Structures are given as structure tokens and as C-alpha cells.
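Chain nomenclature is as follows: A, B, C and D, assigned in order of appearance, with residue numbering initiated at 1 for each chain independently.
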Amino acid sequence: MTEIDLATDICGIKLTGPVLNGSGTFDALAASRVFGDALLEDFPFDCYVSKTITMNPRPGNPPYRLWETPSGMINSIGLPGPGLDGFLDRDLALLSELEVPLIVSVMADSSEDFEVLVERVAARDEVDAIELNVSCPNVHSGLIVGEQPSETEALLKALRPITAKPLIVKLTPNVANPQEIAVGAEEGGADAVSMINTVKAAAVDPDSSRAWLGVGAGGLSGPAVRPIALAQVRVVSAAISIPVIGMGGITDSESALEFILAGARVIAVGTENFRDPRAGSEVTAGLPAALTRRGFGSLAEAQSVTFG
Amino acid sequence: MTEIDLATDICGIKLTGPVLNGSGTFDALAASRVFGDALLEDFPFDCYVSKTITMNPRPGNPPYRLWETPSGMINSIGLPGPGLDGFLDRDLALLSELEVPLIVSVMADSSEDFEVLVERVAARDEVDAIELNVSCPNVHSGLIVGEQPSETEALLKALRPITAKPLIVKLTPNVANPQEIAVGAEEGGADAVSMINTVKAAAVDPDSSRAWLGVGAGGLSGPAVRPIALAQVRVVSAAISIPVIGMGGITDSESALEFILAGARVIAVGTENFRDPRAGSEVTAGLPAALTRRGFGSLAEAQSVTFG
Amino acid sequence: MAADTERPQAPFGRRLCEVVDSRPTGGYRIFTLVDGQGPAPAPGQFYMLAAAPDWAAEGGRPYLPRAISHARVSENVSGGLRLDFLIHEVGPGTSRLARMGSGDQCWVAGPFGGRFSLPRDLNPAAAGAILVGGGIGIAPMAVLRHELVDRGIPSRSLLGFRDQSHSGGVDELFGCEETRLAFEDGSSGHKGYVTDLLLQLLEGDDAGSAAVYTCGPPAMLEAVRQICLQRSVPVELALESPMACGYGACFGCAVPKADGGYLRLCIDGPVVRGDRIATAMAGEPAID
Amino acid sequence: MAADTERPQAPFGRRLCEVVDSRPTGGYRIFTLVDGQGPAPAPGQFYMLAAAPDWAAEGGRPYLPRAISHARVSENVSGGLRLDFLIHEVGPGTSRLARMGSGDQCWVAGPFGGRFSLPRDLNPAAAGAILVGGGIGIAPMAVLRHELVDRGIPSRSLLGFRDQSHSGGVDELFGCEETRLAFEDGSSGHKGYVTDLLLQLLEGDDAGSAAVYTCGPPAMLEAVRQICLQRSVPVELALESPMACGYGACFGCAVPKADGGYLRLCIDGPVVRGDRIATAMAGEPAID
């Protein structure tokens, strides 16, 4: 096979290839405890996205937090984490040892808190871009920010002046028209959107007659949602001119390429990391052959396809 | 095992059991051509729901109309059918040979056409109830009726005076808050809601770099969507007092019972009919054991559970 | 409601049948099921098959059953029918079916769909039949050939293959019967397309007394269809289209009709007259 | 970043290992894998396993790998390790694993998690160890027992079972070593709970010199934990919780800590000291 060039970029950040991780699906710090030096020597992603950081430390949701479904899983993790200070003081220094660009995901329930998060995170040199997880209710309007184009646009307009670093909006799939939210994000000044987050889902305890998850419901991910994600990437990428980071059920290079053909510029591996800690590397390893099979000479050619 | 009573009702229609078919997933006329008398002697459902009928004959969408996905399938069938006259003049007389109650599904793109459909269908004695497929744009407002609580309520208010027969609203899952639509339906005078319809989805041609489906995108069904359907049944049934007809990836008595525990009164089998023409009968056959295993003495006991 | 009485009727539902044999053949695979419940299928009919119990392999597919034509039918010594199926592995479903071995169980529904007409019903002037098969499309041709032999109706079989690795089943399904082979890569028989052989026959023959039957890849079917339509030779094609159910429930298997609209291939086909359809290549991406 | 050096470290990624044996044992099943890449696991560690290639069975599950403790480890004559796993079939994942046979392949990641402490590290006054196992929870106890024997540390094993059909592996894993058995149905050994045997021991013994280790169903673990906490006897529990990844990636395996918040059982456990957690029954529906 001839050499296939996988180098690319997202919002100006140069990447050795198009494979990111989905926020919250790979804890590089835990993985380095478990796998040791091998993790850094053989890091599976071309860019690392942190778990979503919040202002204050959070314990996360009560158990159970997981359930397996046909070709997928539901989680109700609830954003456990050390809070902004803990992240900046401890985790960030460790994450900067990674030899790939770093995107930090943040969430807040008010525009003011979002401003603090973006300002303090963006101030750190280790950070290349910020992803805004907007599946949260606006404490003033009560509306879920990421469900309303106007709320999303307003949030971006408030955050945009704070930093020159790229701002990425993580879209929720739980809306009738994700392209409207994406347009709101673009108009507010976002540099990219990433999609999809998990799809609202529930499971029944196999033994009792109650909800299995401790908080009643959660979010579906994995191959089951891939067709939903592909449809949303298709309509969103057609509606905006900023790039799309595509994800949702990517398991291998073939499904990764499907997202790129549907309109994503780069892709992220989420749930598949749980099945295979090196899933990101496996996706990358298979991409040249997958591109060649469909007649592309480079990643850039596939990225330029206009999908029907 | 002690005798378990499966008899129930939906909007006052007495049923021998809780198992319906999803509209458009079992063509009783075609099945009787293929399987002969066995179909009537061993009919798999306690109530039959017709494919959605439209005012005028429709050819349906260009091929391909199907694609298999992880634990599911996407369809873009496009409501092919004989139109109202063809249905009333030919199909309906044949369907009345079925020994179970009959629900006729209808769709239109204006309130006026909906009124004609409901009036003429409801006038026929063979018909026990009417299901309104509202995943269609309002020709005046341009809004998708089933995506807007106010549009749904307005449609029901227009249709309610036309007939005393039960009106069932089939909800789309492609909204942020299906409970708001359900409340609109209830306030407009609906007698029940049925849910979920298919989830917007797309697939990439494995060989070319185009969309596989002839019209670009379609709807996802099958076990992959079951967790999504369960979550929506959970929130919708908690928000309304009219009954829910639950569906979405039901494959067996265990998954059927999950819907009832989550808040559905009766359930419908859709895509599983394609894998097994007698899927409805198999679900029914397993229900007594599934109820017993969870400690229920009757279907009514499971129906009365308040889900956590 | 009215049943279709002119075709063997499938038992209602699906049933488990045992795999009693499975063997490779020229790049394809043949396996044999014993069906204790179904009627003898007619040439052109097909079954919906799903390996049991692990139909879904890695990745959540296959999920739906797969439409497969029978390639041969015979009586089983201890009762029931022996059904042979010829499989070309092109994806998760056919791969999973091809991996079944003796003793495994397979879900079976069918036989579904209608049969090939007899030559006289297709063309009152027909002297015999010309069978044109390509790739795994030779399976329904083999079944039809056997029926024609049984009825004493003369036929000629023209079989086309890309190369040796896409030519399974010929010896086993056509045995010592006379066939004319075409290989695109010239590795054996005529070098080129099977339609070359058909053109030769129709030019030699009195085209007016021919009745053509064909099954194979869409491009071949469309070529055969055009050749026949241009010469007013009646032709029946056994088509494929994505099928979820096989019994008219899903409306997925749409094929465009010549006079507009679509037919449901599973119940209105899979055998269709060449002049009834708009194209044998529906859904195939247009060639740039 | 810093690696955990006090525990055997898993190779990065997952690997295919061959199943070389599989056999029933008292209602459960034991199978043996040969692992050519991983380090020898320590008592208490576990692996994430998924049968290959058909992990997903009918219905799209199993999808995620399953956490399984090793039940025995030995050197393989031709290299690598022989790992035994004891399986209780409770759903699609364990059923699919139990159906693997000799020659099949299995995806393996691990060993994951931390190990049991030695008795002296748990209780400086410890004279020996008391091992309390229930059901398949006897597997990690067997591994710990072997290590203690190798190190010449005295231990007593108390094993509890619901009935004979939930008592697999005792003979094979504990061999001729002395064990005290309890059966809830009285079919053998003590009639009742294994905690009855523990109470007897702790009353006879000087509780101050005991170190207790336990693995089994949540209700049993919580009973053992309470018994020990009340008597200030140090106890380590090997817990279970739903796990998607096993290496700290998903945050799914939360277990409530005694001082608030949650630990990630896969990396902070699965072995935890009794006084570190709020309950061994997190997530279990409250009893009405």
C-alpha cells in the first residue's frame, strides 16, 4: 500500500491523525497508574480530551451507574471530579506529560461560572482548546443551554471575548434539530462542535421492578447510537462551516471513516475504549487500509467529500 | 404455574392480552397471502394496527429503504399505500376478518386532511380506534406537528369533536422533551399515546462514499433503541394520565414486561416481526412466566407499578 | 383475505433446522439444512435464514435474518427435506452463515416469494430455456435447470464468473449437465462476460423461440434484460434487494416498476419479468 | 504520571488468549486460558474477559467485557501462564464465557486492581488469616489461600453455599486443604450461613489476633463486615460492582466510601478494607 497521510488539524491545532477520545471515556491518569510507561510510549489518541471539569469537586451519582444494553451501554456517572482547583493544581501538570495536544472539557450551571472556568483553564499553557459541555440547565432561565439555539449562542457570546484559544461546543443529541443548536454555537463564535453526547436512556432492574440506575436514567453510548450520530453529523456539518468532531459508537477504522464521510473533520473514540484500552490505536492502524479500499489517497480527500 | 390473567384494555377497548403490532411492521394482508389460513387461526397480536394511511396513494421512497445497524435497522420506507379510498374500498373489508380489534393509523400534512381521514375512517364499524401519526410538517406553520406541544394540542382539538372513537397520538422520540408533546396531546383530548416511533438515523454505503438510503436518512428501530424508548415511556407515563402504548425494540416477553414496568399499559412489537413472523405470539407465550418470576400474580399488578 | 395458492406456502413463523453439512466450493460455501416442516420449494423461491443461537457476532450485526435462495432440494432419508444453500461471504450475515457447521442450528422461515414461469408460459413459442447465471446467481438457475430436466424441457446453461475464486458450486449443482462457462479473467471457458455467450446464442437461435432466465449481479441482470428487451425475447430475472422480513411486512425490498411505483420484491418477486421493472440496478449508486 | 508499582502491571491493551480447558463443577464452570503476555497476577486481582469472535450473542448482548477474578494460576509447560476462572452463569456475559471450549479464543485485559494485604499488614498482631468465601466468591479466596500456604502463613477457610448446585470448585480449588463448609439447605457441612462459622471462630479465637478476608454475595460481605467492625477485627473484602472497563476509564464502578464520596472499585479495589466503605451492598435495591 502506498503511504497514506493521516496528518490533519482541528481549529488550527496540528494533529498527527484524526483520532481523539470522547470526554470522560479515558482517564489518562488512571491508565498510567494501571499500565505504567506503556501508556505514554504508545498513547492511543492524537489529541487528549479531559473528563468534564466543574467549578467545585463532585462525588458523582450514586450506584448503579452502568448498564449494558443491546450493542451499547447506559451510564449515569454524574461528572465526579476534583473541581477546578483540584484539576489545575494536580491533574493538569500530569496531563501535560502527554505528547499530544490537550482539550479540557468544562461544564457549569451559570454563564458566570462558565466564564471563570474558561478564563482559568485557558490561562494555562498546557491547554490547547476548551470544550464546553452545555447539557446543563441555565440557572436563570431554567432552560437547558444546549437544547436552545439562543441560549447556546448567548453563552458563546459571553465566553468568546475571554480567550483566543479555540472553543468547542459539545452538542447533545436529545433535541429535534441539532443543526439549529450548532448554528447558534457558530454564530456565538464557537470554533468547532463535537457530537454526539449520550442519548437519554433507561433500564429496568432485571430482578426487581425498579430502575436499574441509581438516578433512574442515564445516557446511551456505543454502536447502538452510531446511526443516530451519523444522521446528526450529516445535518449539522451541512448547516455550519466550522468543523465537526464526530463520535458515537465508533469501534474501528471503518466506522471512524463513516463519520468523516458524513461530514466530521476528526473523530473521537468513546465507549470502545472500555472494551479495548488501545482502541484509539487500533482505529488509527486500520485507517490507511480503510481509506484505500474506498479509493482515497489521503485523509484530506475523505474529509473533502460532500455527503449525499 | 398458576394461571396468569393477561386480559386488559386500552381506551376502553377490551383485549385478550397486551400485545399489539407497531404500525407499518406487519402487513396482515400480505401475511395472509404468504402464510394462508394459519395467519388467522394463530394471529400473533391482541389488537391489529394498520400501516399509516394517507389521503392519496403514495409509492413510497426510492431504494435503498433498509439498512441493518448494530442491534437494529434503519428504514426509509416513506409510507407507500393505496390512499384513503383504496384502503376503505379494499383493505379494510379484508382486515375486518381479523378477530381482534382494529386501530387504523393515519397521517396528513394539514389539519383539514387529518379531519377528512379521521371522519371517514371513524365512520367505519370495523375500526375501533384511530392512531394519529404526527411526525409530519404542518403545511401552514411549517413546524413538525409532533415536535410542538401547541401544534399537537391544536390538532387534537380540531379532531376531537369529529368522533367518539379513541384517538391515539403516536409520539416521535426526536424531541428534547416528549412529555411536553404528550401533555399537549392529552390536553387536546387524546385518549392514549403510543411511543416510540423511529429515531432519526443514517448509514454510509459500505462501498461508495454516499448515504446508503435512497433518501439519505431514515428511522432507527429494534433493540438498539429500547433503552431510549424505556426512558421516554418512563417520563411520559409519569406526566400524563391517559395510557401509553409502549414500543421500541421489544423482542421477547422480558423486554415487553420492562415497558409495562416503565409505565406502558400495553405494548407493541415492531421490528422483531421481521425476524420472526410469530414474534407477537412468542411474547404472549412468555409473559406468564416473566410476570411470575418478578412476583406478579397478574398483568394488572405489573401495570400498576410506579416506576422509580 | 386470500392466500397465494399457486406457490408452495411457508409454515407460519420460523423454525429451527439442523445443519447437516457445510463445505467450501470454489471461493463460496455450500451448507445443507434438514427442514422437517416446510413444503418443497419451487425454483426461484428463497428462505430467510439466521444462525442460532449466536446470530449477532462482534459489533451487533448480523441482526436481521438473511434472504438466501435454495440451491438444491432433495428428500432426506429420515424424513423432511435436505436444502442446500450456496453462500458468498460479503458481510457479517453471509460470513456467520458460512461459519455454521454440522450439528449447528439455523432459524428458517419460508419458502418465500414466487417461482419462475415455465418456458411455454413465458413465451408460447418457446422451444426451450436459456439460463444465464452469474456468481452465486447460479444457485436458482441450478434449481430451475433440474426442474426443466425433470419435465423434459430442453435448456442451455450459460454461467459467468469473475474468476476462479468466484465460481463455486458449478460442479456440485450442475453436475455432469452441459454448461457453457465464461470467466472475466479468462482462466477457463470463454474469456469475457456471460452476456457474450447469450448474444451468440440469440444470434444463432431463432430469438423468437427463446425464453431467458437469469440471476446474478445487478449489472449482469440489467445487461441481460436490455439484450432481451431489445430483441423482444421474454426474460425472467431473479432479483435481489435488501430484505428485512421476506413476507411483505416491512416494505423494504422496493424495486421500481416499469409503469411507476414500486413492487415488493419478496412477495411480488423475487422473480420478475424483464419488462415489468424499470431497472435491475435500483439503489446501486449511479456510475460517475 | 505515576504507575502503581506495588501491583503486577497489566500489558497495555487487550490480547487474545486460547482456551485450553473447560469443565463443569458443581453448578458452576471452570475454564482455563493460556496467557503468554501478562505477569503473574496477585491474589485479589481480576481480568476483563470477552469471548472472541462472537461476543455478542442473540439480542446484542454481551457487549462489554466481563470482570472475572482468577481462581488459580500456574506455569504453562510450553510457556506463559495457565489461568483458571470459575464462572457462575447469571446472564448473557457469564453464559457466553461458560460456553467457550478448548481451542476457542478469548480477549483478555489485565490483571487489574490491587491485591489482598498480608495478615501482618492488616493486623500487626495477626497470627494467621481467616478466609470467608461464598458462592463463586471462593475463587479469590482459593488464590489467597495458596499464597498464604506458600508463605507458610496459617489460615482457615470457611466456605458457604446456598445448595449443592451453587458450590462448584471447592474440591478443585481447595484440593485436600482443610475447609469448613456451610450449606444454607443443610445438604452438607454446617446447616446455615458461613457467618455462623465465622462467629464461632471469632468467639473461640482471640479476635484481636485475627485478620479476615472475604469474597461472596453482597449480603454475605456486609454481614462479615459488620461482624468484624463490631469486634474491631480488620477485614478485607473483595467487592463487585458493574464494571465497563476495569482500568479506571469509565467511573462506573463506584462504591460509597465511609467518609463520603465514592471510590473506583477497579483501581481502588476490588479489595477494600471493611472500614473504608459505607456498605458492601451499594446499588442493591433497598429491602422493602
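To be clear about the criterion, a contact is a pair of C-beta atoms (placed from the backbone, for glycine too) under 8 Å apart; a residue touches a chain by one contact, two chains touch by 3 or more.
All of these numbers come straight from a predicted model, not from anything done at the bench.
Novice: Report which of A-C and B-C is connected by more C-beta pairs in contact.
Specialist: B-C
Novice: With centres defined by CA atoms only, which chain is the most remote from chain D?
Specialist: C
Novice: How far is the middle of chain B from the middle of chain D, if each middle is the mean of its Cα atoms, in Å?
Specialist: 46
Novice: Approximately how many whole Å separate the CA-defined centres of chain A and chain D?
Specialist: Distance between chain centres: 35 Å.
Novice: Could you pull out the residues of chain B that touch at least 2 other chains?
Specialist: If we look for residues of chain B contacting two or more partner chains, we find 67, 69-72, 207-208, 210, 222-224.
Novice: Counting only residues that touch at least 2 other chains, which ones in chain C make the list?
Specialist: 56, 59-60, 63
Novice: Touch graph across the chains, line, ring, star, complete or other?
Specialist: complete
Novice: Can you list the residues on chain B that touch chain A in the complex?
Specialist: Listed in rising order, the residues of chain B that touch chain A are 67, 69-72, 74, 144, 147, 174-176, 199-204, 207-211, 216-217, 220, 222-228, 230-232, 234-235, 249, 258, 261-262, 294, 302, 305, 307-308.
Novice: Note which residues of chain D are touching chain A in the complex, please.
Specialist: The contact residues of chain D facing chain A are 1-4, 9-14, 50, 56, 59-65, 91, 93, 107, 109, 112, 241-245, 247-256, 260-262, 264, 267, 282-283, 285.
Novice: Which part of chain A faces chain C closely enough to touch in the complex?
Specialist: Residue list for chain A touching chain C: 70-71, 223-224, 251.
Novice: Please output the residues of chain C touching chain A within their complex, sorted ascending.
Specialist: 56, 59-60
Novice: Show me the residue ranges of chain B that touch chain C in the complex, using the header's touch definition.
Specialist: By the definition above, chain B touches chain C via 24-40, 42, 51, 59-73, 75, 77, 80, 94, 97, 205-208, 210, 214, 222-224, 271, 273-278, 281.
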